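Heads up, the next two complexes both have chain A, just with different partners, chain B and then chain C.
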Partner chain A sequence: MDMFVLQMFNGLSISSILLLIALGLAVTFGLMNVINMAHGELIMIGAYATYVTQNLFISYAPAAWFEVYFIVALPIAFGVAALIGWLLEVILIRHLYGRPLDSLLATWGVGMMLQQLARTIFGAPNVGVSSPSWLNGGLAISDGIVFPYKRIFIIALVAVVLLCMYLYIYRTSSGRRMRAVMQNRSMAGCLGISTRRVDGMTFAIGSGIAGIAGCALTLIGPIGPSLGTYYIVDAFMVVVLGGVGKLVGTVCGALGIGMFNTLFETYTSASIGKVLVFVCIVAFLQWKPRGLVAMRTRSLD
Partner chain B sequence: MKKRSVRLWGILLGAVIALTGCVEGGTPPETSNSGGTGEVAASDETIKVGILHSLSGTMAISEVSVKDAEMLAIEEINAAGGVLGKQIEPVIEDGASDWPTFAEKAGKLLQQDKVAAVFGGWTSASRKAMLPVFEQNKGLLFYPVQYEGLESSPNIFYTGATTNQQIVPSVTWLLENRGKTFYLLGSDYVFPKTANQVIKAQLAAEGGEVVGEEYTPLGHTDYSTIISKIKAAKPDVVYNTLNGDSNVAFFKQLKDAGITSEQMTTLSVSVAEEEIRGIGADVLKGHLASWNYYQTTDTPENKTFVEKYKEKYGADRVTADPIEAGYVAVYLWKAAVEKAGSTDVEKVREAAKGLEFDAPEGKVTVDGENQHIYKTVRIGEVQEDGQFKELWNSGSPVKPDPYLKTYEWGASLSNQ
Partner chain C sequence: MSALLKSGSLKTRIIWAVVLILMCLAPLISTEFRLSLLAKFLALAILAIGLDLIWGYGGVLSLGHGVFFGLGGYAMAMYLKLQASGTSLPDFMGWSGLSGLPWFWEPFRSFPVALILGIALPALLAFVLGWFTFRNRITGVYFTILTQALVLITVTLFIGKQEWTGGTNGITGYNSIFGFTLHSAGTTIVLYYITLAILVLTYLLCRRIVNSRFGQVLEASRDGENRVRFLGYDPAGYKTLTFALSGALAGIAGMLFVLQVGIISPSMMGIVPSIEMVLWVALGGRGTLIGAVIGAVVLNAAKTGISEAYPEGWLFVLGGLFVTVVLFMPHGLVGVYRNVVRLLKRRGEVVHVPVSKEKPEVY
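Then we have the complex of A and B:
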């Protein structure tokens, strides 16, 4: 029983992490159709932004403030990653719209450059990010069941990010412009929307969310130059399984993969569990090539 | 005008990307077979040696500092007059955490650069990939990391521990001091799998029990399910053979799941001072490791070694077992070359037999039979400052026994 409850929670927790890393990709890949192989490196940038923030707090702020550094690091990670994403869009990706293979190769190259840059600046070994003490430990339900606070925090964070994204895309005028451009670029342009500016903005938001994911990942894993490469495949998997272009699809994709991964891993091993998940995804995409939630637009017909 | 400059930027960026691509790809090994014998090949002034480690990729976390230690040794030797009156000229190559790249670069170093010896490798996979290259080209490799044993090549000197100098004594110690039930957790490749074969054979012979065994891919970062399984199995000891970055995720999540070192011991064989820096000493406090050397090891040689290392690379840097083994390797090679009076591989091998050196870990001796070295075994506990406190040591250097011939239960293993 303990095992079952714990595994349900673990599944939910893995799903939330998958969702967080895939959300940014859902914007850049799902909405803009840009295969951004440097997405993992934007996650890494978010993680290093957190590390730098932590060090600034240790060096310059009163010791008592350290407890809140993580809250400050979240917007900083978002901002830094968004800025670099925006620069990437203006300098490189803008010239490659409609050429998915070219953008794949170019962003892959950028990803390698960013990794090497991080290695030059921060060194090859991992850096340590210590979490604030209020995130240490866990919620003990019973003797055998402990829900780590960090995982609860990440689940809550994902919920907040998701809500913000929903509000932005569906409830603000700039979000409406974004949807208009993604659905019919030339018509939106005719109606006076600066499609270039919207593209840059959208890409920056997707990158910023990757930054937040990086910030959250400092709580659970290693922070090194190759951080992003661990997660990039999972992120694409979630978006493709969920169905390109729909937020709901990304949520379903993350939940599905996270839960099944945990389930398979419980009864087999980590490697075989992952293989089984891949097999299921391949089989599912045979049956429904457009993923769980297919977008109904004319452009796809 | 604006548009043009943007396009220019694009082209420039493209060019840079293309260039980095070329560099990453590396130069193919020279095909002209000159049958390099390792004879002094460089100019009259210098002797070339190769340094071949992962400076990028998942293993860079560990291997970069070993490269640093080897460079330090070379610098010291050069400052003291070099080898045979010649300066050592290091040729550094990046194995990029990729086994075929290691083989390719090893070929390049031997055939193109004609180096007298190569210092390099970390994972067993990289060593296994390089081994045939060194045997075919009659080269000489100094391998600085503890490994799973069951191997000895005339073209390799092993300056890290083999199983009977690290794993076997630690299992015995754990059985005596911590309990009988073991959970084996490792990365999914040759070292952890072979190491666990050895551990299982030993536990079966010495009255221990394996209650679980898990392997995760290199770079794996979510250990929540495995921690649930460990909780359910309630072992006395988790024997950890995870390699690289995975250790960070595992220990952080273990702590958050509410498991402390008091409730359950973990003993790691790939977590040293360098890794503690990335994981956090507060997370690892109280957990154990088995090595031959710690930064805190109390010898006069170690004091100077740590001082010099910090002076060169920064006060926040730490030394660790493989770092020391890499440093010692360069000195052992120097001593052998001077004894032989030549850099010819055959002569150096012959001269190295029984060679002694006062290393930071204490006296080490080269075993003439299997080209491993005698090393003292030490079990350490992680302290708050990220350093180890020695709980136990073997007293004197242990004779290397890579095929575990001296153990009754080892007979079945060496036949594999």
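Then we have the complex of A and C:
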């Protein structure tokens, strides 16, 4: 029983990380029909931003301040990743709208260059980020069950990001503009919305969330230039499974994949577990080819 | 080869003949090392033709060809490894604590069976995946992501099942086939000619397919799948068959590759090699079979050259190429060549220039 509860908790924590990564993808994919393969590298940028912040705190700030560096690193990671994402959109992506496969190839090239750049700047080996002491240890539920604070923190962080996203998309005027562009780009343009600006903005937000995901990943393990590649395919599977265009689909997709992955891995092995998850996803798509929650449309294709 | 020479204008025919003769003479003028490299590139060009068939003509982008390539490669490597080990167990199985040969290794003792399986397994896997996705009209980006996931899980599986597949190291430690050493001068030349012959046959077969009714329906379903469906065709069937053929060609390429390189490992079928394969086709020009061949040879030659001179630089070059090709050369090198030819003709004030068949954008 203890084992099962722990596995469930692990599954939840994996799901939350997947969700954080897939959230940015879902936003850009759903809104602009752009496949951003460089998303993994934006995660890496967020992680390295955290690493740099930590080093700056160690070098220049009083030792007592070190405890709060992680809180400072979160907005920094968001900002840096959002800025680079925005630049990417301005320079490259806006030439590729409506060509998802081309955008996939081009952004993959960008991702490769960013990876090599990180390797040149920070070196190929992984670097470690030491987490603040208040995140060490865990919450003991009973004798056999200890929930690490780090994982609880990540789950809470994801919940907060999700809430912010919800409020932004459904409760602010700029979020309404974003939804309008997503649903009918030309009509939104006719009504005076600058779709260009909305695109740039959305892409920056999606990238910023990737940065936060990178920041959260530093709590889990060492970071390296190819950090993002480990997660990117899984995150895309979340988007495909969840369906494009609705937040709730992404949430369900992430929960489903994370939970099933943990369950299968517990009862078989890591590699067989991955195969089973993949088979389940393909089987599920037989039933609902458009994913769990898809936007209703009457258009062909 | 005669079929090649019969097609096109006199000029094209002459160019074809010259290229073929030059390729046949290559062993006389190049060193053994260069020849073996060239043979490797030609093997990869077979895969590129298959990829071009499904992407350029079918409009379906597969990032999973590394898997099909790997399956072919592993089939050949398993045969060679069993030959090299004789009656004893392959060495890595012993290290992993296996006492008997796994049952699915047994068929690979015989060369013809290994050969057939090396083609049939990738084709079957492609067929199954295609069957389950195209039938449900999962196309475009969704399919691409699924193929990428296929690569990921296959690599995980091959690394995880170390006792069966040799894990991260892959299958190594064999150097002869039918008693001939793989790296001797004679074997290199024979392998080169075999590869060249298979490449030419593949090209002819695929060109036949594209020019046939089958190829026309395939191209039509790329440009307007719903219209094809309304006309009473089943685009899913055409795409599935093409995808299976493409997988089979990748398997053949994998088998030839193992013979030339003498090693196969999961890192050769991973996500990065799979997407590199797509760039071969994109650089050469998708939707033109010859473009795939040119792209594969040029890019691999460039990779060898650049990696030798400046190992760090290769990823920058590769990444930059992706961006450049997508933004500025949507029809690849072949498209550039056509544009230049058209420009020259216009400048020479030739009265009526037939506009070359433009391919519409493939999404």
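In this section, the second predicted complex is superposed on the first by the 297 of 301 C-alpha atoms of A that agree within 3 Å, B and C clash if a C-alpha of one lies under 4 Å from a C-alpha of the other, contacts with A are read in each partner's own complex, and residues count from 1 in each chain.
FYI, contacts are C-beta pairs under 8 Å (C-beta built on N, C-alpha and C of every residue); 3 or more make two chains touch, one makes a residue touch a chain.
The model shown is predicted, which means the values in this text are computed figures rather than measured ones.
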Quiz item: Who does A:Ser271 touch here: chain B (first), chain C (second), both, or neither?
Solution: both
Quiz item: What is the contact status of A:Val146 with respect to chain B (first) and chain C (second): first, second, both, or neither?
Solution: first
Practice problem: Quick one: classify A:Ala106 as touching chain B (first), chain C (second), both or neither. | Solution: both
Quiz item: What is the contact status of A:Ala81 with respect to chain B (first) and chain C (second): first, second, both, or neither?
Solution: neither
Quiz item: Looking at chain A, does chain B or chain C touch a larger number of its residues?
Solution: B
Quiz item: Is A:Met44 in contact with chain B, with chain C, with both, or with neither (first, second, both, neither)?
Solution: neither
Practice problem: Scan A:Gln116 for contacts with chain B and chain C and give back first, second, both or neither. | Solution: both
Quiz item: Can A:Gln286 be said to touch chain B (first), chain C (second), both, or neither?
Solution: second
Self-check item: First (chain B), second (chain C), both or neither touched by A:Met237
Solution: second
Practice problem: Touching chain B in one complex and chain C in the other: list those residues of chain A. | Solution: 92, 95, 106, 109-110, 112-113, 115-116, 119, 229, 269-271, 274
Quiz item: For chain A, which residues are in contact with chain B within the complex?
Solution: 2-3, 6-7, 10, 13-14, 17, 90-92, 95, 106, 109-110, 112-113, 115-116, 119, 123-128, 130, 136-138, 140, 144, 146, 148-151, 219-226, 229-230, 262, 265-266, 269-271, 273-274
Quiz item: Can you name the residues of chain C that touch chain A in the complex?
Solution: 61, 129, 132-133, 136-138, 140-142, 144-146, 148-150, 152-153, 156-157, 159-161, 225-226, 271, 275, 278-279, 282, 312, 315-316, 318-323, 325-327, 330, 361-363
Practice problem: Sort out for me which residues of chain A touch chain C in the complex. | Solution: 29, 35, 92, 95-96, 98-102, 104-106, 108-113, 115-116, 119-120, 229, 233-234, 236-237, 239-240, 269-272, 274-275, 278, 281-282, 285-286, 289, 300-301
Quiz item: Okay, in this complex, where on chain B does chain A touch?
Solution: 6-7, 9-10, 13-14, 16-18, 20-21, 24, 55-58, 60-62, 64-65, 188, 214-217, 219-222, 224-226, 228-229, 231-232, 245-246, 248-249, 252-253, 255-258, 274-275, 277-280, 282
